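Next, two complexes with chain A in common: one pairs it with chain B, the other with chain C.
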Partner chain A sequence: MAILTLPSWLMLIALFAVPLVVGVYLSTRSDKIGSFVPGRAVGLDNYRRDVFQPGFTGALTVTLVITAIGLLIQFPIGVGLALLLHRNLRGSAVFRTALLLPMLLTPVAVGLMWRFMLDSDLGVINWLLDTVGLSRIGWLGEKWAARVAIALVDSWQSIPFVMLMTLAALSSLPESPHEAARVDGASAWRVFRFVTLPMLRPVLYITVMIRVVDSLKLFDIIFILTKGGPGKATETMGLQAYNVGFVALQTGRAAALGVAVAAVTLPAYVLWLRAQRASQR
Partner chain B sequence: MSARGSRAGRWLSVGLLTVASAAALFPVFWTISTSVKNRVDTFANPPKFVRFAPTAKNYRKLFDSPDFWRIYGDTISITLASTALCVLAGTMAAYALARHRRFPGRRPLEATLVLVRAMPGMVLMIPIYQIVTRLDLYDNRWAMILIYATINLPFAIWLMSGFIEQIPVEVEESARTDGASPVRVFWNIILPLAAPGIAATSIFVALLAWNEFLVPVLLAGQHSKTLPVYISGFISNRTLDWGPMAAASALAIVPIAVFTALIQRRLVGGLSSGAVKE
Partner chain C sequence: MSTLTMVNLQKRYANGYEAVPGLDLEIKDGEFLVLVGPSGCGKSTVLRMVAGLEDISGGDLLIDGARVNDMGPQQRDIAMVFQSYALYPNMTVGDNIAFAMKLRKTPKAEIAQKVKEVAELLELDKVLDRKPGQLSGGQRQRVAMGRAIVRHPKLFLMDEPLSNLDAKLRVHTRAEIARLQRRLGVTTMYVTHDQVEAMTMGDRVAVLRRGVLMQCASPQELYERPDNLFVAQFIGSPSMNVVRGTVVSTDHGPGVQIGDQTVELGSVGAARFPGIGEMIGRDVAFGVRPEALGGDGSGRLTMQVELVEMLGSELLVHGTVNAPAVRAIDTGVEQSDKPTSMVIASMDPRRKVEVFSTVELPVDIDRVHLFDLDTGLAIGRDAAGRVTDSSSPNELDKG
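Up next is the complex of A and B:
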């Protein structure tokens, strides 16, 4: 039986295990892209210089902040839409198709279009704010506005995922507890809070984890919208490693940052693996 | 569940769903409308939503450049090849994982798959870039196909094991008592029965490959550039050329939109089977 996993193993070894080892090796060297001076071993200098520095902890904070804002947007809306769709009103299938679409679109194209829509002078979003009498926002040019904008665009693409996972969980729930609560005269909100929500917990837990991991990975949308700016306001860990490795061409230092990124995301892998094993029992 | 609650509640629900759907669709509409606008209409204030004279100029600009067609074709071929490889290897592994509680290497495989799925791409791409350039494989389609297939492997295996678990075990057991080897059982019995699942998984993996950005932006030069990299190229210009950019974006996302509308039931079914497996 193990033979059937052989092709997967070959791919995983060649393109995951080997690069990981090479990454750790590079992180102890001074290699640069395009340099005529061959790289040499520098021990832990790269770590000292880049990882245990405000630059990296700053990028880590930015990553976590954008992730947190995103979760606060995605989950209330995603779960809310799933509850609405679950009522099976007329037209639900059409709504579901429309609401599903953003998840499948090319992030680069999505990022560019939002960049155009969020443009502070010509963008349709600021025009809308103007029209309803709110003040314009310098979306991609101000520190917090840019962070919120990135979380918004990422949420626009990932709400469908939260919605689908919740919808699938809702349709597998038994009906009788809801009936019982309703017969006892519980309001719709109390039925949701004390009956539905506890039963959704396992699926929501996995969904939150997938979303956290994917937000930590987020790259293309930020690359298109702000490239980490203004200043370093939206420079996540991924963007920082990119800038060091492929803009400043410092391979060794970028590899050290990569190892650090892998290390700080470690809790997410452990939790995920544990959740997966628990669900198999 | 049948529609419950008051009339007002129903109308409120439909109202909210309408607003949400509008928010989901507007950027797509805006991309398409910008792609058929003249420069003047693109920058008009107040914005022009429908009342403008459409133009095919932006598309003509794209179609006239031979680069565009080559890139579109390359994106399709890289997507198809990496999807085939990923789904084939993934289905084999998924069968082993779904049907056999214990086999050598099961737990390490599970752990590795979670790591690949969860690890930020940049962590791997820094060393992969070095390896690929040392091996003289920069700007090589086959290198990209292999990398795409590997990073999408965890997702393919996860979806496929959901589908394989739904196939009744009895069919295999009778074949095995007739003396068929496990590999034969897999090839002659499981593969045909899992065909709908393989189709759904292939669609998802193809979407991921079509949309992939990090790998080609780092590893593709002139000969293997893909559509997302081409589209992102529009922002490096000083003056942003929104018209052709919107046209290129539309050509990336419209096939996805049409596809989604056609097969949405199967898409939802596919993802759902994974979600409620537990």
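Up next is the complex of A and C:
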């Protein structure tokens, strides 16, 4: 048995363990790319300097805020669409295919497309707001507007995923408890609340965890849309590590930040694994 | 306490399939009506229309005389037991039973009291805190029953509630359900494909074929006086022997010639089939149940014994006669191509019957049935003159 799983173990070690160990090693050194001074061991200096201080906790907060806004957008809409499509109304098939498109685009293309649409002077979104008589919003230039915009774009791309997961779960649910609830006297909302939702819970939980983990690592869309601005209003943990590592070229400090990101994401992974195990029972 | 009335109730599915072409049926207050028929005949469709889970394509559905076609299932005050039980998997047994009452904002104390009563009645008191997934099949079935009876609804609907139980439990639960229904007195419509269940449980039994009502009567009436060949062969096990014969006239009155022999009906037959004098020379389906062969009787039927089955309480003797078998099928009546057919007789188990011998069986003429070969309708039904004319419209081919 052990020998049969050996190739998988080697692969896992090469892909995950080695980078992790190297990362942890780098995080205790003072290396800088292009520096004439050779790197040396600095112990936990990088952590002291970058992780346990307001810059990092700020980025962590930004990350969590954007994640939270995103979840609040993605789940009601994604689950709602799934419920609609599950009723198999006319045109569902076409609609379903169309809804999958955002998922198939690369984040960079999505980011660029939305950057044009969100442009405060020339963007179609402000033009629309104008047309219906609302005031224009400086989407990418204001703190909260920028955070919401990022959550919105991320959601636009991930709603299909939430929808697909929910739809798959819905179609695997037995029909008869829903019918029993209707006969028992439940309104459509209560059938959903007391019968459908509890049965969906394991899958929704896994989906939330996947989305949280994805969102904690969110980078490309923010990089294209705001580069972390205005100020540091949308600088997430990933973006901060990038700025330190590839803009300031301080690999040791960036590695320390990277390890911190992994440490923050870990609980979400653990919850995800537990949810998965629970749903298989 | 309620009545249920169906007036020309119709169901056409979205794909155009006409599952129920038009059903007239009335269930009296407190009555236990069983809807029985082969699989796919539309029993569940009818039940689901009554529950409001399936749209009604035509006709009227009345509960207590009020039309409920356009009401949702929520408003009909019906309780239903599903074949799959349809328990709420995330709720405990107690919550499953209490769900309908909670929806109706029944006071908590009253809910607790009623759940307790029902749980004791159904021996579920020890598993109230378990989830359905942790129950045995029989317990799940009882939870489904409990969910229905806790409410005192206008109607109980049950769709093959016993089909997922093993044989022994099924017989036990069958009696339980019948007893509960009689005790509660709630008007009940019960669906099954099992004729034994239908016969043992129902006050009246409605036999359905391809969405068409074949006969609705008490179990005894169905058994003794089937309106048509389909009911005759569907009800009873082993089922009624039916072979092709020709009506003839003998020295002792009318008879039926079956192959090379003649079963004399005599004066009993002449009284039983009033118009038979005018039918001389006509081919008919001759039907007789196994227990009407081999006991007492004035008629005589000879057969070659092929197999003898000893069941303890009776002896089933299978033999051949020289006449083709006749069978009710989904679309009408079918005659076998083979010139001989199997006939089963039920005899006293103390009798000795040799395989491959020839036996002459007494035929109880009072329990002989004749059916029209084309329409399958019973000939000469004297009772209240319901079916006496075999040339009446072909009711069996409606489906």
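Heads up, the rule we're going with is that the second predicted complex is superposed on the first by the 265 of 281 C-alpha atoms of A that agree within 3 Å, B and C clash if a C-alpha of one lies under 4 Å from a C-alpha of the other, contacts with A are read in each partner's own complex, and residues count from 1 in each chain.
To be clear about the criterion, contacts are C-beta pairs under 8 Å (C-beta built on N, C-alpha and C of every residue); 3 or more make two chains touch, one makes a residue touch a chain.
Every value quoted in this text rests on a predicted model; they were computed, and no experiment measured them.
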Overlay on chain A: chain C relative to chain B, clash or fit: fit
Partner chain in contact with A:112 - chain B first, chain C second, else both or neither: first
Angle, in degrees and to the nearest 10, that opens at chain A between the C-alpha centres of chain B and chain C: 80
Touching partner for A:179 - first (chain B), second (chain C), both, neither: second
Partner touching more residues of chain A, whether chain B or chain C: B
First, second, both or neither for A:145, with chain B first and chain C second: neither
Partner chain(s) touched by A:203 [first = chain B, second = chain C, both, neither]: first
Touched partner set for A:194, first chain B, second chain C, both or neither: second
Which superposed partner A:223 touches (first chain B, second chain C, both, neither): first
Minimum C-alpha spacing, chains overlaid - chain B and chain C, in Å: 9
Set of chain A residues, in rising order, touched by both chain B and chain C: none
Sites on chain B touched by chain A in the complex: 1-5, 10, 13-14, 16-18, 20-21, 23-25, 27-28, 30-31, 34, 43, 45-47, 88-90, 92-93, 95-97, 99-100, 103-105, 109-124, 126-131, 146-147, 149-151, 153, 157, 182-183, 186, 207, 210-211, 213-214, 217-218, 227-229, 231-232, 234-235, 240, 242, 245-246, 248-249, 252-253, 256-257, 260-261, 264, 267-268, 271-272, 275-278
Sites on chain A touched by chain C in the complex: 174, 176-177, 179-187, 190, 194-195, 198-199, 201
Chain A-facing residues of chain C, complex: 51-53, 72-74, 76-80, 82, 84-91, 99-100, 103-104, 147
List of chain A residues in touch with chain B within their complex: 1-5, 7-9, 11-12, 14-20, 22-23, 26, 31, 77, 80-81, 84-92, 94-102, 104-110, 112-117, 122, 124, 127, 131, 156, 160, 164-165, 167-169, 171-172, 175, 188, 202-203, 206-207, 213, 216-217, 219-220, 223-224, 237-238, 241-242, 245-246, 251, 254-255, 258-259, 261-262, 265, 268-269, 272-273, 276-277, 279-280
